[in-house]
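Each of the next two complexes has chain A plus one more chain, namely chain B in the first and chain C in the second.
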Partner chain A sequence: MTTAEAAQVAVKEKRRRPVLRYVLKRVAIVPISLFILGSVSFFLVFLIPGDPAITILGDFATKEQIAHVNSQLGLDKPLMERYFSFWANLLQGDLGTSFFTNEPILHELGKFLPNTIELVFFALIFAITLGMTIGVIGAYFARRMPDRLMSGITSVLQSVPDFFLALVGIYVFFFLLGWAPAPIGRLPITSGSADGTPFLIFNSLFTGNWDRLGEAVSHAALPVMSLGLVYASYFAKTARGSMGTALTTPQVEFARACGLRERTVVYYAFAASRTTVITYIAILFGSLLGGAAIVERVFNWRGMGQWALDGVLKVDVPIIQGFVVTAGLLTLTLFLLLDLVVLFLDPRVSYE
Partner chain B sequence: MSDTTFAQPSALSQVFTKTVNYVRASPGIVVGGGMLALMLLASFLAPLPYDPMTPDPTAVLKAPSGEYIFGTDANGFDVFSRVIAAGRSDLPLALMGTLASLVIGLLIGLPLSVKSKWSEGFMRALDAFQSFPLIVLSVTIVSLTGNDIQNILYAIVIINGPRFIRLIRGEALSIRDGRFIEAAIATGARPRRVVFRHIMPNVVDVCLVQCSLTTANAVIVIAALNFLGIGVSPPTPTWGSMVQVGAQAISTGQWWIAIWPGVAIFIAIASLNMLANGIQRQVEGS
Partner chain C sequence: MLRVTGLTSQFRGRAGVVRAIDDVTFEVPAGEAVGIVGETGSGKSVTIRSVLGLLPSYGKVVGGSAEFEGTDLVKLHRNRLREIRGARIGFVAQNPFGSLNPVLSIEKQFRNVMRAHRKISRTDLRDLAIERLESVQVRGPERVLRGFAHELSGGMAQRVVIALAMLHDPSLVIADEPTTALDVTVQRQILDLIDTQVKQGGRSLLLVTHDLGVVAQYCHRVVVMKSGKVVETGLVADVFTNPSHDYTRQLLAAVPPAPWAQAVPSLSGQEV
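Up next, the complex of A and B:
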């Protein structure tokens, strides 16, 4: 075989199964990202100015306390050794223990992460339903009265900080109207701690515990709404943009010319713009994992964001590292899934 | 022939027509920019009925009335004076953060517009960085490096710098295809001159839009961080910390402590968004 023939074979090999190559390439990035993620969370500690032990314990710490924290941080060992043992632990799923509660980070994550996922899940569903409706109506009646109204609503929603909306919600629906329960967590105080049951709403739904489901849903309503309303503006903007473009494409004109029902035409336009919306879902899910923190705090939701915030404010290093690693890991997985779903839905994406 | 032979419209009516035309062309710029200017002027020049830094222990949790227009909080601070005074730190800080993000965006985004494997790699890294919950990362960095107001600036830059980099790079990449760039290179312009003399002036439009959006985002970031007690040195008023103080009283019905600073945040963000829309429309129209 000559070199030219070999090159041709190589080119053919390259052309064959571009999808598989793309997927493999995409998956191959994951370990690299993981390595960067782990290293970032390790080196975050070095941002603490001066002696970390004193920053953590305050100025009045005793020598023994400082030595204890230093040995827990491993600051008495050389840098490389610490770095390697950090990775050894991380790969075994050991994220260390919290300085303040002395609980394993993994255990705490198991307690708080499901709460956040549940909150974000329902908030996103709310946001998507509302935002898409606003955006699609706006795009359909482009430059007419409903479009102006919808874009007005969008810009109002866009301008409210979520924690402020949460407070207004508490005032109106809890204090004035008495429809919503007090913002003290995921269940009323009388029901005891809800920490034992992760995924409270799903759990109650599937076990048929209707009383608890009602309580859980009524406690979730305000936080879900205050996050959902704010994030609806993102979906409204995206949907307005992509539907606006999709409704002016030749295939929509063709569909209309064929005499299809208006509903079907809108559905086709929607299908053409869904990848943008799906991309937005993934991005917002990732940012809400931590972005819900303040709303979680206002409602004492005991989610991952609130936990991380408390950890951050107390300089609880293992919690910070645990949060960075977990949130990063979830985001990476989500984006991998996103790329594969988009590839499946829209084969036109370039494989390079 | 002297000018007086023509029936000249009076100067006043000329100004009036010009203004009307301008508002018609882009109401967003005028209304948004006007509201923003008004807020800045008010926070620095408006006379305050009470000292925003000294509480009056005899007037605690007073509802809004003629004496205290916005009421007083649990410490006896006058809410109105504090809402106005908070603009002095919040608004300039947001503008400074935006300026810093813009500079970072120009310094990194423009050189990255030269297509190479290296710049592609950098963009991938930026993707990974941006996919992270940045608000928590900035809270982490701010609280680890110290509870300092200038650290809020870093937080704003961390969140918004990447957006500027991406935007400026994208815009510069499309500008690079233009004939005039080809012409500049053909006449022997060095790469640095091409970037700064020929590309940079053309990214100004998109930067202006992004700047007002970023300032809006910065107002939220500052409020969120202050709400968490980061970058606040009591009793200096900030909108975020005032909302935080009011949050404790809202479930017992004292709404005015949290609502007024919240309304101030809302007006600031709304006017910045309006400004951004207005500029966007102007850019698209031209």
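Up next, the complex of A and C:
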């Protein structure tokens, strides 16, 4: 074997192993992040003004009553003892029980989280499709009429709050036109509660329950669009920026100079800028888990944001902790996935 | 071959409309090499982009013609122009790293350029790409095809770009400062390579550069540009020995006195 060949083999070896090392390193960070996340969720709660016992008993409770409730909730024990038992329970998957409903947090999450995931999932699909279209059109016709039109649309979408869009949607499509069903949750009253079927839309789709699917989709349309339209503006802005830059790069000019068709040229630009957009998907998904709270409330969606908001208002400590831990865990997982996807899509990412 | 007559292009900007090139006229006869020289901002790049229809969306050719093999490229429909670009006219750009797509494999880029003009099977394409990479002295073409642009050195990347530009055996090659972004040691090799490829195929060459030494060595004719206008054009020997325009004289005077173009030895055989 000549030196050159040996060097080539060495390069190949070196190239393969760092990927694995990078992935392992990335996964190894997760427990550390989880520890920080759990601790923060435990201690942050003490920064929230308000006393759960007083919230439960009302302003005219006696000292004895408050002490009694505090001991029932375990709030009279020393801080560190509570911290350790919090971790002991958490590691066994026990997030405690709500101060007010006495329901296990895990059980409540099982009801509310799937609703939010479905809402956020479809809202993001809608936002990506619309936002990317607006952004790519704007970038392609940079500084010309379509670009100005698209950036006008983007500004409008960005400046309207999602809950306001929701209210306008209800007024126009439910009240005036009667196209959309009443904003009373996931299903019409006559169909009973949707709590028994998590992931209502996916569930109906895969079990072939077409009637229920139709009802679920029509109830989801307005909330999905209220969130999707607003978040489309973020994708539009990102896509306009990254595609706009990519389309003026020499590689796009060279692609044109080689006679590639326009759609291949646009694909070249997109391939070079897609990781930016993918990063945005992960960030927005994380922020929407709680950020959809008001829209969820407007449509009585029974989602996690709405649940956590109620928890915060009532100083229901286990609910707040459960929400922070769950949302954090989901976000961490998503970011891990994101890094792996980017690693796979962009050969330039260094593994060091 | 290529006859550019009265070509005029404008850009729309914040400060209003700017005329980037004005009444540019020159000719690239078949089988000859023509150099366009001039300082930065003199309109060299805008001229070739106007010819190829590659001006950015806020730029526009407003007058003149660019006749290539009997067709006026300026008036040609964009789809017909696309069929000529890359097939009849090859383009070698300034920055080889910038020219290649960063996230697609080199083989995929060869396939896309090939399929833009002609149908070909995957295996045929591989064979052809390997053959072409070998002809531009790329070592280990199989490995290069599997890899990505960032794994190549500047010289290697520019060889890949040249192979892509020559893939469809164009009759005219347009090179826009093909060596500016490269190491001095590699510049000469790349120019020699372009020269060989052009001569072997009996092609014409339009070479944009700000280096008069390069023009003296590789070109038959020269077009001198300043502020968007052609100030002098003619055979290299005539223009260089007997410049008729002040600006040409200034350009020539700005060249270092030693015949350094000849003094740089070619470091062929060295890995670049």
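Worth a mention:
To be clear about the criterion, the second predicted complex is superposed on the first by the 318 of 352 C-alpha atoms of A that agree within 3 Å, B and C clash if a C-alpha of one lies under 4 Å from a C-alpha of the other, contacts with A are read in each partner's own complex, and residues count from 1 in each chain.
Note that a residue touches a chain if its C-beta (ideal position, glycine included) is under 8 Å from a C-beta of that chain, and two chains touch if they have at least 3 such contacts.
What you see is a predicted model; the values in this text were computed from it and never measured.
On the shared subunit chain A, the superposed partners chain B and chain C are arranged side by side without overlap. In the superposed model, A:I56 lies in contact with neither chain B nor chain C.
With both structures placed on the common chain, the touch criterion links A:T248 to chain C but leaves chain B unconnected.
If you stand at the C-alpha centre of chain A, chain B and chain C are 80 degrees apart, rounded to the nearest 10.
Contacts of A:F335 after superposition on the shared chain: chain B is touched, whereas chain C is not.
In the superposed pair of complexes, A:D346 makes contact with chain C only, with no contact to chain B. Of the two partner chains, chain B is the only one touched by A:L289; chain C is not. Within the superposed three-chain model, A:A271 lies in touch with chain C and out of touch with chain B [touch as defined at top].
Chain A is touched at more residues by one of its partners, and among chain B and chain C that partner is B.
Here the smallest spacing between CA atoms of chain B and those of chain C, following superposition, is 8 Å.
The intersection of chain A residues touching chain B with those touching chain C, taken from the two complexes, is empty. If you check the complex, the residues on chain A that touch chain B are 29, 33, 36-37, 44, 47-49, 55, 155-156, 158-161, 163-164, 167-168, 170-171, 174-175, 182-183, 283, 286-291, 293-294, 297-298, 305, 308-309, 312-313, 315, 320, 323-324, 327-328, 331-332, 335.
Those residues of chain A that touch chain C in the shared complex are 8, 141-144, 248-251, 253-262, 264, 268, 271-272, 345-348.
By the touch criterion stated above, chain C contacts chain A in their complex at residues 12, 52, 54, 56-58, 82-87, 91, 93-95, 98-104, 112-113, 116-117, 140, 143, 148, 150, 161, 164-165, 167.
Those residues of chain B whose C-beta lies close enough to touch chain A in the complex are 124-125, 128, 131-137, 139-141, 143-146, 216, 220, 223-224, 227-230, 243, 246-247, 250-253, 255, 258-259, 262, 265-266, 269-270, 273-274, 277.
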